[in-house]
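Notes to accompany the following structure.
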Amino acid sequence: MNAFDKLLRQLNLTPAGVLGLAVLAVLPFIPPFNQEYLIRWLIAAALIAAGAIAFDFTAGFINIVNFGFYAILGLGGYTSAILSVNVGLTPWIGVFIGAAAAGVLGFLTGLLTLRLRGIFAAVMAWFVGLALMGLATKMVWLTRGPLGLRTPRLFDTASNIPYYYLILLLMLVTYIICSRVVASKVGIAFKAIGQNMDAAKTSGINPTYYRIINFTLSCTLAGLLGGFYAHYYGILTPDIMHTSKTVEVLAVAYIGGRGSLWGGAAIAFPFILAMELVRSGLSNLPGLNLILYGLLLILVMIYYPGGFAKFFDAYIRHPKNRALNYFLNGASVRT
Amino acid sequence: MNILETKQLTKRFGGLVAVNEVSMHVEEGEIVGLIGPNGAGKTTLLNAIAGLNPPTSGRVFLAGKETTGLPPDRMCRLGLSRTFQIPNPFPKMTVLETVNCATIFGNRKGAVSDVAAHSRKMLAFVEFPMPADTVSEQLNTVQLKRLDLARALASKPRLLFLDEVASGLSEGELTDIMAVIRKIRESGVTILMVEHIMQLIMNLCDRLVCIQFGTKIAEGPTQEVARDPKVTEAYLGAEADQCTAE
Amino acid sequence: MRRRFWTVIVAGILSIGLAAAPAAAVDKTLKVGVLGPFTGPSAKNGAEFKASVEMAMEKIDYKIGDYKIELVWIDSQSDPAKATSAYAEAVERMGIECAMQNWHSSVAVAAMDVAAQYKVPHWFGFGATEVVNEKWKADPEKYSYWGGKGWPIPAKMAVGYVECLDNAIEKGTWKPENKKVGIYGEDTDWGRSLGGALKQMFADKGWEIVSEDYFPITQTDFYPLLSKYKTAGVSVLAGTSTAAPTMTAFVKQAGEVGLKSVIIADGLGWMGDWYKMAGPASNGVLDMIPQLTTPEAKKWAEDIQAKYGFNPSPSAGGLCYDGTNMFIKILKRTLEKYGELNKENIHKIFVEEIHTGQLTFSKADGALIMNEYRYNADSVPDPVVGKDAYYFPVIQYTDGKGAIVYPDDWKEKDFEAKK
Amino acid sequence: MSDRFIRWCRSAAGVTILLSILLAVIATIDRGPYILVNTAITGGMLALVAVGLALLLGVMNVASFVHGEYFMIGTLVAYYVFTPLQNFLNTNPSPLLAMVAPLIAILAAAVAGAAAGALTEIMVFAPMRRRSRENWVMNSFLLTVGLAVLLINGHLLIFGADFKGIVRYWAGAPVTIMDVFISRDRLFAFLLSIIVILAFWVFMKTTRTGRAIRAVSQDETGSLMVGINLSAILIFTMALGCSLAAVAGASLLFLYPSYPTVGLEALYMAWFIVILVGLGNIIGALTGGFMVALLKVLTVEYIGSGWDFVVPTALIILVLIFKPSGIFGSEVRGVLDQ
């Protein structure tokens, strides 16, 4: 195995993944993608992709749908925004404090939902999100509520390209962190408590410990993304914490394939671009894109709960051709 | 030496008393059978001891140390493993990963140097018939029971609970599983088994504990308990009901 | 080992990208963006915008000189983030040279940056609140592209209510039991901004502020809140909501619980069909909206009713119509002065002629609602407020019809307290 | 008797109910009887929606995120039935028709809600149940999320985002009870909720179908063995639950005009209640409706409007920390995953 393959293995990437990232990296210079509005769409897609990875880290492994995901993401954004507006802290530090705040809340949510299982925990996380959104709306002296908090932007430029590379990097970092954790022993514990709580407990796994780790990490990453959101759009309203935003990420993560991490990220780009096209192309039919969203989610849940990732694993992943196989899977090492 | 001892162990669910002041013990090296008609509270008793459903009152001692109410993962690391009546390991994991779970988390850190090797050894020990990379949702019940057994053994228990490990097996499979259970005992593991199949009980168990309606009605050497009129009555009464239900 | 698969993305993106290739620009066409909440909770206002802009454009047959006007609808969806995306798309893909209108302040704050980024002159954005002005004043040069607001900050307008009530007390037409006020409003930038302004003004005139409540824009159950006011015995309830169901529900339920206070429901009349939902409970309610006084204005409303099937409100549709016509005047002036219609020239007119008060739009030019839309260096981005310029009279409703009760020289009837 | 009563008083359910009553009494003495009236009227309607949700949880094991959309369907159907009737009445006054027009609208909504529920079961849940029951609770929950997005935006696409509301069902001066004015619509909505709840109660207790539904909620396999047509019962339950939500929506049309996301608040409230009392606990849902209503009314009264969302949520989270299975305890199998 050469150095390149070793590096890929370290990063849990495949040659196909690297190619995909490379394409995304040069995309802003290839027509028609060199237009700012398409780069905005790409940024939106990358944000959802990164969100889907962090979301799947919880939903796909410990089997708890964090329905308050965007509320916690919003908390990260608000923390960073408030620090930069009121204290004058640079957003470059603020986003990390925001991520830490989100992580702390993730920790607490994890604690709160500990004794609850599955759907109960999801609903509890949802309530935490709703309460958080309510607070963001009502604590006007701090958040300006629905008036919207104007936030300083990260880069002093009108161009979207620096933001695009930043969010791409964030997406990659999110993926690498999540996939490395999942591939470690901790990941085995996640899967075990997600698939069978009793068997996991009697195998010596402390579910409390691992669930909290999972929630804390996932929420920290969400908070980081929230910081990006706050300092990219330049305005923050409590709407960012709305359940419908979580549903958006949820749909992408599940259509992409739960428990795969990469599935949601891979599907996010074509999916979001297609949805934006439908929306802007058929603007006389409002809501059509979201109808497609809902329909797709329903069809996937009924007929293919594994999503795109499972389809890929079943039909595309293992081609006969060796070069192609290497391309899709990287240098394989069977133990 | 008593590897397990319970004192007045009681478990209530609301108004229902599922286990009522059961005091019993298991000596090191024994195979003890826990018997009783359906719904007598056998599995509840196991859960109360193992920490899955902590007891309402009473005390539990594992190898002389009190462990009442400890969570199951602690119990596992203290040397108590169990299998499940309806074996349900991790459906999306492969056989090897399933056993790895218990190998990694059921043993003290560094106690097993080569995780995969240990897990494979356990699979071989229970004579697991399928390749180790089979996803466990593809296994049948018999194979799942073996897998669950391998998983339970992977944490190197001193005491093993077997919850109806033989139910639904054919005659030939029964002989096989008996051989495996004997092998487990020979490797130094004490066994407490909940069982219905008389053939297995009479052949394997050194002693029996019989409970009915959550209360212990008999405890002693296998032959003695089997002849106990209270036990016969409990079974006959219950069996009559069972026949009509099935 | 985890793996990734990206080729599908690439294929997908490429095919989408081809479909989204930019439309080629045609000579002598001016593409004008119209920003509005065409979907979402304020879609009703969006519909009024659309009708009004179309009506104004049809009158000139979509032509200014030898330029053909092409409208590009930019849907803000009442969401700043989505609005900025759609705006940027309209600039780059559709190639708009200028834009106009807008409803929410939060959208305005976000869209101002996009307009400045692309140097697209934007005319007559509503979105009245202070936050827009604060941002504008932080960098007047940059935001001069946000040419002139279609609605001044609430503080400049709302004083009329207090004056109207004090006037009635002075004259003896109204004898309130106490001078207690309850402030209410939708929990949005608009609601809080107007609520804050009203609170300040009432307090300045010696009224006692009993409570201040802001509720979600979608709330329609006000029985608990109204019961509270009833117990507190307030003489005046003052506040606003921009959402039709919220405002109408508030008024209707106030009648049901038997509240005797004078209700100021700022914005009730914005919804063209409000009376269908508020019913007779709205009798005696005060509002501050421009009226369709002139025959032209009444004809305009009839035309909209005939063509689009709804009754337009003067403050959404009417102002939008005036704003559009003023923009047409600006475009004509630009063509006349510079011979070419493009971003730079339109912006120059903004700075040189609008912000200096040279170019105005008055009843003589065909304005329906206000006497004159006029801006100057002190007022920008707001229009000048005054009886001869931008001014809302206070009106009181009876059976769904509003009559002006203040200022005195405009009044159609006297203020009447609820019995 | 007294012994049992004391034990009940010391249980979580007893403590909460007694505490609620105490709070209500104190607030009424402090502020006036309108607190009680508002609580009763809001509570009745909340209970209707929550009972439907609890029914779906208990019998179908479906944690529905889409329940608010059946509320929305109720408002929509009632609007499109009632408005033409009223227009007709404006030109042809008829006291009899004026009396029954609201009832026709609500009945139509009930039927439409039932039909929508039955269709949902047949087209969405049944195929999914046939394909796989693995991880059912979570998968069906996500399915309802998709369905909610679909219905909300379907409404937007077909009927637009306008607010489709009416002034009132019944004309006439408000009724005065304990010095509180109550409009006839609200009074009727309250009475209707009580009648529907009672009818539902009687239905579940006495009829064969009602007993079959309860049997299914206790033990699905067992009920199959005693000859219950499971798929018919599931369709019927879904129809019943959705119909309850639609009736609530229709009878509240005067308060909640129909627009795409009108069901969200009903959904939130129903979930608050169901989680608070314990998933799938139908009797609990009835009581919980009034408790959450009280909580809302008191929050508006003492803290301020707009907080009636934050405060109950925070309180419920607190309650659940100490009693995760809800204050009445959960009666459902499966909802807790295993």
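By written order: A, B, C and D. Residues from 1 in each chain.
Assume a contact is a pair of C-beta atoms (placed from the backbone, for glycine too) under 8 Å apart; a residue touches a chain by one contact, two chains touch by 3 or more.
This structure is a prediction, so every number in the text was calculated from the model and none was measured.
In this structure, the chain pairs C-D and A-C differ in their number of contacting C-beta pairs, and the larger number is found at A-C. Chain centres were defined as the mean of their Cα atoms; on that basis the chain farthest from chain A turns out to be B. Chain geometry summary: the mean Cα position of chain A and that of chain C are 37 Å apart. Work out the mean CA point of chain B and of chain D, and you get 45 Å between them. Centre-to-centre separation of chain B and chain C, using mean CA positions: 73 Å. The set of chain C residues that touch two or more partner chains comprises 39, 43, 187, 216. For chain D, the set of residues that touch two or more other chains comprises 156, 161, 306, 309.
Shown for chain B are the residues in touch with two or more other chains, namely 91.
The residues of chain A lying in touch with chain B in their complex are 185, 188-189, 191-192, 195-196, 198-207, 259, 335. Across the interface of their complex, chain A is touched by residues 1-13, 16-22, 38-39, 43, 73, 75, 79-81, 84-86, 88-93, 105-106, 109-110, 113, 116-117, 129, 131, 135, 187-189, 192-193, 216-217 of chain C. For chain A in complex with chain C, the residues that touch the partner chain are 9, 12-14, 16-17, 19-21, 23-24, 27, 30-33, 35-38, 40-41, 44, 137-138, 140, 145-148, 150, 158, 179, 182-183, 233-235, 237, 239, 261-262, 265-267, 269-270, 273-274, 276-277, 280, 283, 286-287, 312, 316-317, 328-330, 332-333. Interface residues of chain C, counted against chain D in their complex, comprise 39-41, 43-44, 47, 184, 187, 211-216, 218-221, 223-225, 227-228, 230-231, 243-245, 248-249, 252-253, 256-258, 276-279. If you check the complex, the residues on chain D that touch chain A are 63, 124, 127-128, 131-132, 135, 137-139, 141-143, 145-154, 156-157, 161, 260, 268, 271-272, 275, 279, 306-307, 309-310, 313-314, 316-317, 320-321, 324, 335-338.
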